[in-house]
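Multiple structures are listed underneath, in structure tokens.
Paired with subunit B in one complex and with subunit C in the other, subunit A is shared by the two complexes that follow.
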Partner chain A sequence: MFSFCIEPATLPQWQWFACYLTTATHLQFYRSFGVVLVLLAITAPVALGMGMLGALALRARLWPVRLVGQGYVNLVRGVPDIVFFLFVPIALGQGIEWVLHHINCPDWEQPIRQGNDFIVCREAKVPPNNAARWVFELYAFIMAVVAFALVFGAFVANTLYGAMQAVPRAQVETAEAYGMTRGQAFRRVVMPQMWVYALPGLSNIWQILIKATPLLFLLGIQDAVYWARELGGQKTSLYAYPHPDWRMWYFLALLCFYLLLTWGSERVFARLNDRLSHGQATAAGERLRKAAA
Partner chain B sequence: MKKTSLTLAAAIAMMASGAMAQDVVRIGTEGAYPPWNFINDANEVVGFEIDLGNEICRRAELTCEWVLNDWDTIIPNLVSGNYDVIMAGMSITEARSQVISFTTNYLPSDPSAYMGLADTDPSVIENGVIAVQSNTVQAGIVADGDADGLEFPTPDETISAVRNGEADAVLADKNFLAAYVEDSGGELVFLGDDLYPGDGTGAGVRQSDHELRETLTAIIEEMKEDGSLNELIVEWFGDGIAQF
Partner chain C sequence: MRTCWESFEGYALRALGRDFGERLLPRGLDITLCDQVFLIGSGLIWTIYFAALAIIFGFFLATAVALARASHTPWLNRPAGAFIFVFRGSPLFIQFFFFYSAFVLLPRAGIDIPLGFVTLTVQTSALTTAQVGGLIVLVLNTTAYSAELFVGALRSIPKGDLEAADAYGLTGFTRFRRVIWPNMLRLAWPSYTNEAIFLTHSTTLVFLSAFPARQQSGEAFYYARYFVDQTFNPFFAYPLVAAYFIALTLAIIGLFGIANRRLNQHLPREQRLRIRFRPQYLR
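Here is the complex of A and B:
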């Protein structure tokens, strides 16, 4: 990084640290915070979407749809996250390759499962065998988003379902009295009002999602926690910058990052709550009314 | 929703049909086990196995690419086809051979050793708490013995456990521990006698991948014959270790 970094062992302390903290691995460490933020930014809306679908399924009038919704919500919430994160990428990856194998290689004679091995023809490989490294990384990232969205979508579904039930029945009755259909009443009356009931639950799930991001390394993505562990561990003289076990300092940096993140999102949720409570028949809405008067 | 899923399907189909002539052999490694394989300060995967793997690929005229994978899931990802070879300081053992198959060994059966703080009584080997990395031959040895095993997912954590007193000693490959003993200036020492578990270190491939196993084995044998393998061993481990 700096021109004086050629012979690290001979440097005075401040220069040594300047060089040490700008090694390629450290730059990767700083980048990994961005990776975590991007994952959160993508996963949260996708999980919200999954959750909305799940909540609608739970409310559906057709019993098979309801059954699917209940199956999804209960199954996913019941299985430990870590099992799910190990299962989804491998099972989903194999599922996609299995389908592509049958489409692209109908003449293939060998069985796909040979003992422990899972073998598909090369046209069915996802990503293809000779794809660039970034394609593999993108693929792993998409798998991570899918795994996170599946797990957290189930929790969101239950929260949204509860929030929809919490909208006072009288509101829906009034809508019906105005001649709205079931769908209209849902869209115009239930949907806009349910968010304030969903918010505390959603903010819980968001905080848990933030804390679950270190599971990323299980999916082959090098996140901030992976790098903190890797860089903080003792480095012997095989490395250019040998140092004793410094994991405490690295984890302290992580602590600050995650605390800042949760503190920031607490504030955002508090403001959202104020906005959504406006004109609502809830205690918070009542307080706002009084404050304004 | 429908539109995005269609584009996604199209993207996957495009990626899948883009196969070209030369297949890439993907080699999985842990990247946390110096000097076998580790990530240096320039964020490159380096080590004995990286040099060896690249040399094997050059001689076999294969295009190779290194993939980092957590140690605990390194075998499941091989058998499900996420990479084709494991070169990660993996000892050839009976139990692993039931799931994957190994090439001929590229390191002779190398010693495992106990390491502890300087004033540790060697009897802890029999009755103390021994730190090991999970899913290793050393973890198997400790599980079969009388001492209490304390398992960690990464090799680095086993060393920390000894330093902070959580474990009395660590059992690991001696060549991995050697650098820590040297750097510690007398704080860390080897305890007791060395052990020689396993049949050496080899590259793991899928059991159905006969062709690749044969290719790799042939080149490793060739490198044993012409002495280039020994040169690599000396370069990374020094001349104090068993050669071919």
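Here is the complex of A and C:
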């Protein structure tokens, strides 16, 4: 990185650290924090969408749809989600390959499960065997997003459902009295107002989602935890930058990163709550009204 | 192939160590369904060990931290707040890694603390095991979460009860033991039940993080993951471990429900707080 980094062993302390902290592997370590943020940025809207669908299913008038919604929410919420994080990527991957196998290779004779192996024909491999390394990494990442979205979608569905129910009933009745259809009343009255009721729950889920991201490590993705373990481990003099076991400091840095993230988002949600509470028939809205008057 | 009875004998207590049953875990094609049922079941020994001890220690520590947090003395209030913030704001998974790598750095022989006339040697080698070190992390974590619940409960103790305590001339520890503490527990109990459930579920993280499973003795999810790695078939071991955890959850709800009834027994029926299962697993 810096021009003086050619012979690290001879450098004075601060220059040694400047060089050490900007090695190629360290840059990958910093990038992995970006991966966490990207995962959050993708998963949150997807989970919100899943949750919205789930909540609508819970409210549906057709009982089979309602049953699907209830099944989804209760199943995911009733089972430890670490089980889900590890189960979904494998099960989904095998499911996709199984379907592709039956489409692409209908005349394949052997069973797919042979003892402890899961064998599908070459055309059904996802991603293909000869794919580049980044394709495999992307695939693993997408699987992680799906697993996160499935689990958190169920949490969100429950929260949004509660929020929809919490919108004062009288307002919906007023909308109906004006001749709005059920759909119109939902779009014009319930949807804009439900968020203030949903916000405490959503903020809670967001905090949980942040704290779930280190589990990416378990899915074999080279995230911050992976690099902290790699970089922090003891390095002998064979390496350019020998140092004793520094894992504790790396994990301390990770701890601070997550504390900052949860602390920051707590403040953002507090702001958002204030803004959404304007003109609402809630205690917070009443306080804002009095403060302004 | 083993019969079901043989796998029961071989693996029902295997989680305690390799002297309790078969030395090696079943491998590859040799794995039967009964092996999975009993070995994962034997892992529940450690699940219950972690959960029960962490809840018991965490309960008393959390009461102390909550009282410190609710006090008006800054040098009690601030550290308690910082403790709660750190342990609730960061992922338990990272906490395990951090504490493990910190424990590893401690000198193996133990730390000598000279007290003038005698030298006290603190044993540190046990801290790197999951059974001690991991338990400490779980205790600290559940302390922070429970303390937050208890603080909220302390703030919402009915004013009338406190006034009644004053009217009877109760002060100091008697006032705390007779009025404040039972009320705090009563108000916090439904959410504390959920906390106990989350804690039980997060014991799965102990062996998934840094702490090693010596002699391949781990908790239930450690074995489930082992079987999935061996058989590449997630459709039996994971649902099985999920079923075990649901059973544990129901047991916790039952046990805490008994305590809840006792805490609420002086109240008219409609004012009693009910336990509602609100699962949000990760922390």
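General remarks:
Just so it is clear, the second predicted complex is superposed on the first by the 275 of 293 C-alpha atoms of A that agree within 3 Å, B and C clash if a C-alpha of one lies under 4 Å from a C-alpha of the other, contacts with A are read in each partner's own complex, and residues count from 1 in each chain.
In this section, a residue touches a chain if its C-beta (ideal position, glycine included) is under 8 Å from a C-beta of that chain, and two chains touch if they have at least 3 such contacts.
These figures come from a predicted structure and were not determined experimentally.
In this overlay on subunit A, subunit B clashes with subunit C.
Of the two partner chains, both subunit B and subunit C are touched by A:D117. Applying the stated contact rule after C-alpha superposition, one finds that A:L218 touches each of subunit B and subunit C.
In the superposition on chain A, A:V126 makes contact with subunit B only, while subunit C stays out of contact range.
In the superposed model, A:E97 lies in contact with subunit B only, and not with subunit C.
By the touch criterion defined above, A:T236 reaches subunit B but does not reach subunit C. In the overlay built on the shared chain, the residue A:A283 is in contact with neither subunit B nor subunit C. Residue contacts after overlaying the shared chain place A:Y258 against subunit C, while subunit B stays out of touching range.
By the touch criterion defined above, A:A41 reaches neither subunit B nor subunit C. Within the superposed three-chain model, A:A228 lies in touch with subunit C and out of touch with subunit B [touch as defined at top]. Residue overlap on subunit A between its contacts with subunit B in one complex and with subunit C in the other: 86, 90, 94, 115-118, 217-218, 229, 245, 247. Put simply, subunit A touches subunit C in their complex at residues 77-83, 86-87, 90-91, 94, 113, 115-118, 155, 204-205, 208, 210-215, 217-218, 225, 228-229, 232, 245, 247-248, 250-252, 254-255, 258-259, 262-263.
On subunit C, the positions that touch subunit A within their shared complex are 28-29, 31, 85-86, 89-95, 97-98, 101-102, 104-105, 201, 204-205, 208, 221, 224-225, 228, 230-235, 238, 241-242, 245-246, 279-283. Contact residues of subunit A toward subunit B in the complex are 23-25, 27-28, 49, 86, 90, 93-94, 96-97, 100, 104, 114-120, 122-131, 133, 135-136, 217-218, 220, 222, 229-230, 233-234, 236-242, 245, 247. Listing the residues of subunit B that touch subunit A in their complex gives 1, 12-13, 15-20, 22-24, 26, 32, 34-35, 38-44, 63, 65, 67-70, 73, 76-77, 79-82, 99-100, 154, 156-157, 159-160, 163, 179-180, 182-183, 206-209.
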